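There are two complexes below, and they share subunit A, which is joined by subunit B in the first and by subunit C in the second.
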Partner chain A sequence: MLEIKNLTKSYGDVVALDRFSLDLKKGEVLGLLGPNGAGKTTLISILAGTLRDFTGTVTFEGRNLFSDRTLKNRIGIVPQDMAFYDDLNAMDNLLFWGGLYDVPRADLKRRAVEILDLVELAGRAKEPVKNFSGGMKRRLNTAIGLLHKPDLLLLDEPTVGIDVQAKVSILDIIRNVGAAGTAVIFTTHQLAEVETTCSRIAIMDHGRILAQGTFDELIRIVGERDIVEIAGDFAAGAFSEALRDMAGADVELLSVADNLASLAVSDSGRIPRVMDRLFQNKLAVTDLKIQTPGLETVFLKLTGRSLRD
Partner chain B sequence: MRRIQRILHVAGNDLRLMVGDKVFFFWTLAFPILFIFLFGLLYKAGDNAPAVAEMTVVNLDQGRWGSYFIKKIEAPGIAVTVTDKEPAEYVRMIILPADFSAQIEARRGQALAFKKRSGASTSAAARVETRLYQAIARTISELVLYGPGDLTKFLDGHPAFRELVVVKGEFPPKTVTVVPSGFDHVIPGTTIQFIMMMVLIYGGIGVMEDRKKGILGRLLFSPLSTGELFQAKLLGRWGLGLLQALMLFTVGKIFFRLNLGSVPLALLVIAVFSLAMAALSVFIGSLCTKEDVIVGLSVLLANIFAALGGCWWPNEIVPQAVRVVARISPAYWAMDALHKLTFFQGKFADIALPVGVLAALAAVLTAVAGRSFRIRD
Partner chain C sequence: MRRLLLILGNDVRRHLKAPWAIVIFIAIPLLMTGLIGVIFAPRSHSGQLPPIAVLLVDQDKGLASKLILGSFDVDQMKKMFQVTVTDEVDGARRMKRGRASAMVVIPKGFTLDLLEARPTTLRVVKNPSEQFLPDVVEEFMATMGVMLSGAIQAFSEEVKGLRLMLDGPVERIPWETLGPEFGKAQKKIAAAAKYLNPLLIGLKEEETKAAGAKAQSSMTDIFSIILPGMAVMFLLFIVQTLMRDLLSDREDGKLRRMLTTPVRPLEVIGARILGGWVMGVAILLIMVAFGTLVFHVNWGPFGFFLLLVVVAAFWTAAFFALFHALVRNRNQAGALGAPIILAFSLFGGSMMNPEVMPKAFRAVGIVTPNRWFIDGAALVREGRFPLASLIVLLVSGLVLLALAVPTLRRRALV
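After this line comes the complex of A and B, so read on.
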C-alpha cells in the first residue's frame, strides 16, 4: 500500500532522513521506534505533505503521494501537537476538521457521533475542549485523524503525557483500526506500546532503519539470547558434564557453581531439552529463572547508550 | 468547486472563532458606538446645512426698487419670506429701509441690516449671503447698464437683456467649501479606525496562535494547499472587516441618520480597505510570535493611521503639509473616498484614485503577506 524509497531530507548539514526505505501493507500496524532526533517526526511530516525539499519517492497504491492532493483524503494523520480549537466543543471540532475532507455532508455528523463514541467522548461532545483533561484532548486529537476513515493512518507519538487509562484506550483504538484493514505507522518512545500494539516494529536512528520485523525477529536479528538461571541440589562438575554434548551455538554455559548455574540460550525452545537432560542425569532442580531479552535490550543494542539532545 | 468550499469552510470557521470571542461585541460594537456618540456630539456643533435656507426680507421700502431687489434674491434653495415688519421669530433676515429706493435713485450708498439667529446653520447663511451679494451686484450693474428708468418694465419689454448681467460666485482652487463634520464624518472615521484595530488584532493573533499550536500544519494534512490556506486566512479577516463596517453603518443608519452618499460605493471603499488590512494582519501574524507584541503593534498602527488619516478630525481642515504626510496612512485614502461620497456628492470617478491606491496597497500587502506566511515557527 505504501512504498517509501530512498527518502533523504537534510536540515543544513544535519541529515534527518538518510535513504530511508519502508514498505507497509494493508492492515499492518508498524511501530516506529527511535531516539530523539532519529528522524521519526521528519518522516511523518514528509508523508503528511508539510515538509518539502527532500529526495526519494513515496508511492501510495502505486501513485506518487505528492502528485495528487486528493490522495490526502485517504490518509489520516495524528500529530504530536494537540492541534485543534480549544474554544470549540469536541463535536464542532470534528465537524470542522472533517469538513476539509471529501466526506459527504450527510455522513459527516453521523461519523462524528460514531468516532466520539469510539474514543469515549460522546458524553462530552458539547463541552468546550479547553475544559478537557490531557487524556481527553489526546483522544480527540486521535479522533480527528480517524474521522474520514483513512486507509493509511500516521500517528506521531499519540500517547505522550497522558495517564495509563487514556494510553490503553488509544492503543486499543490503534489495534482496532489496524484489524479493520487500515495501515498504520505509529511513532513512539514507549517500547512496551509497540510490543503490544504493532504487528511489525522498525527501529530507526540517524534517519535510517536499523532493523525491522516482528518482535521475535528483532530479537533474533540482534542475536540476543534468553538467560536461564538454574538452582538446585547439584555439584558444578555434574552439571557441566550433563550438558557437555549440548553446549554449542544454541546453549552456552555462562557460569556454573555448586547448586547454581547460568546458561545463555538463543532459542527458547531448547530450554525444555536442557531440563530433560538434567532430570535424566538425576540432578535436582529447585528453581528456574528465564530472563528473556526485551525490546529495550534490542533498542539499546541498536541505537547505543549515548544520550541524545 | 470543492477547493472553494474548503477555503470558505476555513474562512467561515475563523470568522466564527473571532465573533465567538466573549469580548468581541464590546470591542467591535459597544466601544465604537461610545466613540461615535462622544465624537459625534463634539462635531455636531459644526453644521448640517438644511436643503432650503430660510430668508426673511422686511420690506419697508416706499419705492419700486425694494421689490425689484427681492426678485433678484429669489433662487432655488432659498425660501424667501417677505414681510412689512420685523417678525419675532426668524432664522436670518434682511431689512430694506423705507428710503431704500430713494437712496438708489439718489446714487447714494446705504447699509442694509442682515440679522441671523444664533445657532442657525452657518453654511445655509453662507448660501444666502452669497445670493445677497449677487443680487446687489446685479442690481447695481443693471442700473449702470440700463439707467434709472423702470427696469422691470424695460426688461419685460426686452427679455433678451434679462440675463445680460450674470453674477457668478466662484471659489479659488482647493478652497474648502464644506467641512465634513457630525455623525456623517464620525461614523465612517470610527469604522475605519476599528476595522484597522480589530482586523489587525484578531486576525494577527489568530494566525500566530494557529501556527504555534500546529493548526496550520494540520490544516495542510487535508487536501488544502498552502496557497488555499493563505486565501482562507485572508478571506476570514476580510469578512471581519466587512462585518465591523456593516455593524457600525447599520447602527449609524438607525440611530444617527447616517448618510453615506452612495451606499454601494461606500461599501466598495470598505471592501478594498478591509482587504488591505486583512493582508496586513496575516503579515503581522506571520511575523510575530507573541500576543502582546501583536496587540501593541496593532493598536499603535491603527491609532497612528487613524489620526493621520482623518478618522478623528477631517483631513480637509489640516494644513496642506500634514495632508501630504497623511498619504502614507491607508485610512487617509479610505476617509478621502468616504468624504467625497458623503459631503461632496462624489461619484465613482471621484473616488477612483483613492480606491485605486487602496487596491494597489492591498495587492502589495497580499504579496508580502503571502511570502511571509509560515506554517511553523
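After this line comes the complex of A and C, so read on.
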C-alpha cells in the first residue's frame, strides 16, 4: 500500500532522514520506535505533506503521494499537538475538520456521531473542548484523524502526557483501526505500547531504520537468553574457576571482574544451579539481577544508547 | 472555494462564541465619541457668552451711582449682564455661595467725590471659581470709570452747578448764576453730539468663513467629525485581533493539520484575509448604524460612504496579513501591533483634528489609513465622492496584499 524509498531530508547540516525506506501493507500497524531526534516526526510530516525539500519517493498504491491532492482524503493524521479549536465543542470541531476532507455533507454528521462514540466522547459532544481533560483532548485529536475513514493513519506520539486509562483507550482504537484494514504508522517512545499494539516494529535512529520485524523477530537479534548480573565478595579468578565446568551452550560467562560478573543463561532453570555452585565454593553473593530479553535490550544493542537518552 | 468558505465560517462562528472583545472594541469608540462630543461641542447655537451674574451694592445712592445702575439697564447690557441690587452683607453671602461672577460696590460719597474731582474707588469683588466672566465685569467697570472720569473733567465748570444743587434745598440755589453754566454745557453737548451722533466709528459683528466651512457647528457636526476617526482606529484594533488566527494556528499546529487535508495554503490564507475584511466591514457598519441612531451623525451619501468603508476594511485586512506574516509570534504581534495602531491614530488624525496638528505630524499622517479615511469621510459628508482616499487605500492595500500572500504562503509551508 505505502512504499517509501530512499527518503532523505536535511535541516542544514543535520540529516533528519537518511535514505529511509519502508513498505507498509493494508491493515498493518507499524510501531516506529526511536529516541528524540531519530527522525520520526520528520517522516510523519513528509508523509502528511507539510514538509517539502526532500529527496526520495513515496508511493501510495503505486501513485506518487504528493502529486495528487485528493490522495490526502485517504490519509488521516493525528499530530503530536492538540490541533483543534478549544473554543468550539467536540461536535463542531469534528464537523469543521471533517469538512476540510471531501466527506459528503450528508455523511459528515452521522460519521461524527459514530466517531465520538468510538472515542467515548459521545456524552460530551456539545461541551466546549477547553473543558476537556488531557486524555479527552487526546481522544478527540485521534477522532479527528479517523473521521474520514482513512486508508492510512499516521499517529505522532498520540499517548504523550495522558493517564493510563486514556492511553489504553487510544491503543485499543489503534488496534481496532488496524484490524479493520487501515494501515497505521505509530511513533512512540513507549516500548510497552508497541509490544502490545503493533504487528510490526521498526527501530530507527539518526534517520534510518536499524532493524524491523515482529516483536519475536527483533528479540532474536539479541538472542533469547537471560542476562544475569552477580555482585558479591569474590575474586574474578575464583569466580571463573567455580563455574569452569558449567560453561557451555547454556551458560556463557560474558564478563568477570572482582566482585562483579555477568552471564548469559539460555535456560532460566540453570540459574539456581549456578548459585549453588558459587555457595559450594564459598563465594559470597550480595546481589543478583536477571534481565529477560526485550525491546529495551534490542534497542540498546542496536543503538548503543537507551531509548530515553 | 468550498473549503475557503468553511474556514471563514468557522472563524466567524468562533469569534461570535466569544464576542466580548469585539463588543468592547465597538463600544469604546462610540463612548469616546459621545464623551468628546459632549465636552467640546458648542454650548449654544449663537456662540455668545451666557449672561453674567453681577451683584451691585449701592452705598452711595447718588447721581453717579444711579448713572452706573442705569448703564446696566441699556438693552445691549441687559443681554450681557444679569444685575441684582443688594446690600454688602447679602452680596458677600451670595458671592460665598458662588451665585454671581462679581460684586460691584459703589462706596458712600461716590457722587460727591466725583463732583469735587476727588479720587474715589469702585470695588469689584471677583468669583475665584470662574475663569473669564469676573474679568469681563472688571473690564466693564474699568471702562465705566474712565468714561465717568473723562465726563467729569470735560464738564468741570458745569459740575460746579450740579454740586450747588446737591448742597441744600433747591430754593436757595441762585438760578441767575447757574444760567450761564448750563448754557456752556448745552454748547459742549451740542458740539459733542456732532461727533457722537451718529458715531464716527461703528462696530459690525462678523465671522470669518473658511472655504467649505459651515457658519456654525452643531453637536451633530462634532460627532460626525469625531466618529470616523475613532471608528477607523478601533477597526485597526479589531481586525488585528481577528486576524491573529494567522499566527495562533501556525503556533499551535492547527495550520499544519489543515495542510494535511486537501485544503490549499492559499485557501487558508484567503479565508483569513477575507474574514478580516468582511468582519471589518460588518463592524464599521455597526458603528455607522450606532452613530446614526444615537448621535444623528450625518455621513453624507451612503453609497459613497459604504465604498469608503469597504476599501478601508480591505486595506486593514491586507495590512494585518502582512504584519502577521512578518512577526515571529503572538507576543511580538501584541507588542508591536498596539504601538503601530496608536501611531497611525495619532498622526492620522483619529486622536486630534489634523488642522491643529504640528506640520510634521500632518506630513507623517499621509502614510496612515486613518488620515485617508477621515479625509474621505469629510468629503462624503459634504456630498462629494472621496476619489483620492479610495485610490490611495485601494492601491496601497493591493500592494500590501501582494507582499503578504507569498510571505504567508512561504511561512505556512516551512
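One rule holds for everything that comes next: the second predicted complex is superposed on the first by the 235 of 309 C-alpha atoms of A that agree within 3 Å, B and C clash if a C-alpha of one lies under 4 Å from a C-alpha of the other, contacts with A are read in each partner's own complex, and residues count from 1 in each chain.
Note that a residue touches a chain if its C-beta (ideal position, glycine included) is under 8 Å from a C-beta of that chain, and two chains touch if they have at least 3 such contacts.
Not measured: the values here are computed from a predicted model.
Chemist: Check subunit A with both subunit B and subunit C modelled on it and let me know: fit or clash.
Modeler: clash
Chemist: After lining up the shared chain so the two structures overlap, which partner does A:Glu114 touch, if you call subunit B first and subunit C second: first, second, both or neither?
Modeler: After superposition on chain A, A:Glu114 lies in contact with neither partner.
Chemist: With both complexes overlaid on chain A, does A:Gly49 touch subunit B (first), subunit C (second), both or neither?
Modeler: both
Chemist: Of the partners subunit B and subunit C, which touch A:Leu88 in the superposed model: first, second, both, neither?
Modeler: The answer is both, since A:Leu88 touches subunit B and subunit C.
Chemist: Looking at the overlay, which bit of subunit C runs into subunit B, 76-84, 202-210 or 256-264?
Modeler: In the superposition, subunit B collides with subunit C along 256-264.
Chemist: Give me the intersection of subunit A's contacts with subunit B and its contacts with subunit C, in residue numbers.
Modeler: 45, 48-50, 69-70, 72-73, 75, 77, 79-85, 87-88, 96-97, 99-102, 144
Chemist: What part of subunit C is in contact with subunit A in the complex they form?
Modeler: Those in contact with subunit A are residues 3, 6-7, 10, 13-14, 17-18, 252-254, 256-264, 413.
Chemist: Which residues of subunit A touch subunit C once you look at their complex with the stated criterion?
Modeler: Residue positions touching the partner: 45, 48-50, 52, 69-70, 72-73, 75, 77, 79-85, 87-88, 92, 96-97, 99-102, 144.
Chemist: Please output the residues of subunit A touching subunit B within their complex, sorted ascending.
Modeler: Answer in residue numbers: 45, 48-50, 69-70, 72-73, 75, 77, 79-85, 87-88, 96-97, 99-102, 144.
Chemist: In the complex, go through subunit B and note every residue touching subunit A.
Modeler: Contacts found on subunit B: 2, 6, 9-10, 13, 17, 20-21, 213-215, 217-225, 375-376.
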